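Before I ask anything, here is the structure I am working with.
A, B, C and D label the chains in the order they appear, each numbered from 1.
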């Protein structure tokens, strides 16, 4: 088998399987054969991630983490899954039954729908839409509604507060998220995710042409990742589910399998935004060095995805939770100006063809506003070692 | 008149009718979302991909959430706002229903009475690129006006919704 | 500048992460059922009844004075007084509890019963594995299950138990020379025996 | 009946539903939603005429719809802002109870 065959093995096997299907059912069978692997692969990744996350967080805090089920606790996800499946499904008496039931379903469906436009490997995308990026954000906006439905229908003050926080946070951070990804659209000239990956193809002396290796691309990637963390409600932006204040946020009244569905939806959303970050800035399924192209494209995609997931876990183990005003201030006073300036930087990069000129100019255009903004955010705040009157 | 059209039309009609008839305003918004998603699907079915996705982003992601926030800020925890009694036929209901029905009857009569002749049955291919080109060339003035309008709306909405300072009045 | 602190924090957590694989002393977790933490003398949990001598029921120090039952904030102690009397730890004839029950599910381990007991008969245990599968009968502990020997008390709280023994010996010495009433021979006979075992 | 007529009928029905809602509902927010529905009915007309019209390559219908959606979004934002401002004075969103012009 040549490397190319290994790379295309899923595509080839799909066509081989389609050969056995009568011509009338071919479109349907093709869709099913594209969708089912996605429906299997990402929940499996979710299962692995929960174990990785718990073990990683444990090690960060000098603990063992789960180590009882299976070798080194690796099958903990199976135990968790069985537990959540067999638990009693409690619905509050005052809850809006229909909406309460629909909310987790809508969340998971919206999270799964986003995977339709993400290229997992070469020629491996469920639907190559012309407006793929727009589709991704359209589907992502449905998550907000699901979150609101969950919080409102539970008829509990904690879940309502959590839902309001989550919706406010998601709306605020959707603006920088979209603006940070628009620089890539400007550079590649297309909204199609496949075309964006193709625009980053090619190598200069073994180094790839990824957008992250440009000043605006790097800044865009960092801003995108911050916004993605906030969008997926992960620490340090996990106010909607801040345990110390509102217990579990919008899904507090859910139990058993519906709770597991919320968990799944949240992680699927995180994977989807990470995968979009890979597609937009990290060259999608492309290999990082030209001499490593023999490794199949989907392997590279999942390696990058796992790297970003590990980074998310690392961040979660490091940073404390923000306050609500800090969160909103971050979105509107730092992220929004930075993303808007980044748009300008990308335009300058496009219109300065001379690499000797455009590198310093664009780097300055990114670094100077960052320094100024971070100085201004710190203004009036004296940071000092905190003294405690009673606890010591 | 394909099956897909009928299904999508049914979703749209049921959703919007629910939005206008439920008593709980939050249910109304959820019904509206269903109806508008159905409408967006109709746009996609008609080949207008960009418009369909924009419809979902704007209506599901922004307008519905905005309306929900407005309801939560004006009614708080109260669930039923309009009369909790059974719906009854009032003169206003009769008049409103008659007006709406009359409008529908007139529009329907106009459409069915004069079947349109020129039917372009080939699905037009429209790329986002084309839309962008048009926006930046033929429609650049409307685009700028829209930008000004959106800015004005943003500032206006903020000023309207901002709590007035104490002692100013 | 924004981000420097984040980077510092990230290096710190990364050091923790890597270090936990190479240095065992970083991991302070005790793998509970297999490993156990060393017993701390001052630790206290559910109360128990102390007895002297080989026979648990005969040697109970409790005289069923009802002070602990009255003082117990959640009212989890139930005592039935006996009709007859028997000599107590100092040799004096006293009532004894016909039944003494503590409800584990109600007890909050506040130690007030221990504080108020004038006979040093009830003390705090260190056992914390109290869970059972029957929430009614298995959680209402009878006298038989509550009674634990003075040796056990010495084992879990040695300093405190030694002080208690010294107090009791003093009380016994005070009680013994008094050649009072017809009970005296019985008390005198009982006292040395108790003293040797204690 | 050709496909265009189906879309036009659907659009007329949507418009009537929106009109009925705007006329009958007493909650100001839902009246605004009814107006949004009427705008959307117009959008459907634009798209249907673009799709089945004689010159689809000009994209006029699509352009109109994009601008119309933008206007509708701005309208919703300002409308809801006005409702919030009115609510602050009158403590109600019921249109029947908003009887005075004075703040």
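Worth pointing out:
One rule holds in what follows: a contact is a pair of C-beta atoms (placed from the backbone, for glycine too) under 8 Å apart; a residue touches a chain by one contact, two chains touch by 3 or more.
Not measured: the values here are computed from a predicted model.
Relative to the centroid of all protein Cα atoms, the closest per-chain Cα centroid is that of A.
Ranked by C-beta contact pairs, the top pair of chains is B-D.
The chain with its Cα centroid farthest from the Cα centroid of subunit A is C. If you average the Cα atoms of subunit A and of subunit C, the two centres end up 55 Å apart.
Per-chain CA centroids place subunit A at a distance of 30 Å from subunit B.
For the pair subunit B and subunit D, the distance between mean C-alpha positions equals 5 Å.
Centres computed as Cα averages put subunit A at a distance of 34 Å from subunit D. Residue positions of subunit A touching 2 or more other chains: there are none. Multi-chain contact residues, meaning those touching two or more other chains, do not occur anywhere in subunit D.
Among the residues of subunit C, none is found touching two or more other chains.
If you draw each protein chain as a dot and join the dots that touch, you get a simple line with two loose ends.
Contacting chain pairs (ordered by label): A-B, A-C, B-D. Interface residues of subunit B, counted against subunit A in their complex, comprise 26-27, 30, 33, 49-50, 53-54, 56-57, 60-62, 64-65, 68-69, 72, 77, 127-129. Across the complex, subunit D meets subunit B through its residues 1-10, 12-21, 23-27, 29-30, 32-34, 36-37, 40, 43-44, 47-48, 50-57, 59, 61-63, 65-67, 69-78, 80-85, 87-88, 93-94.
Per the touch definition, subunit B reaches subunit D in the complex via residues 1-2, 5, 9, 12-13, 16-17, 19-20, 25, 28-29, 32, 35-36, 39, 42-43, 46-48, 50-51, 54-55, 58-59, 62-63, 66-67, 69-71, 73-75, 81-82, 92-93, 95-97, 99-101, 103-104, 107-108, 111-112, 115-116, 118-121, 123-124, 126, 130-131, 134-135, 138-139, 142, 146, 149-150, 152-154, 156-161, 163-164. In the complex of the two chains, the subunit C residues touching subunit A come out as 1-3, 6, 9-10, 12-14, 16-17, 19-21, 26-29, 31.
Interface residues of subunit A facing subunit C in the complex, by the touch rule stated above, are 56, 59-64, 314-315, 317-319, 334, 370-371, 373-375, 377-378.
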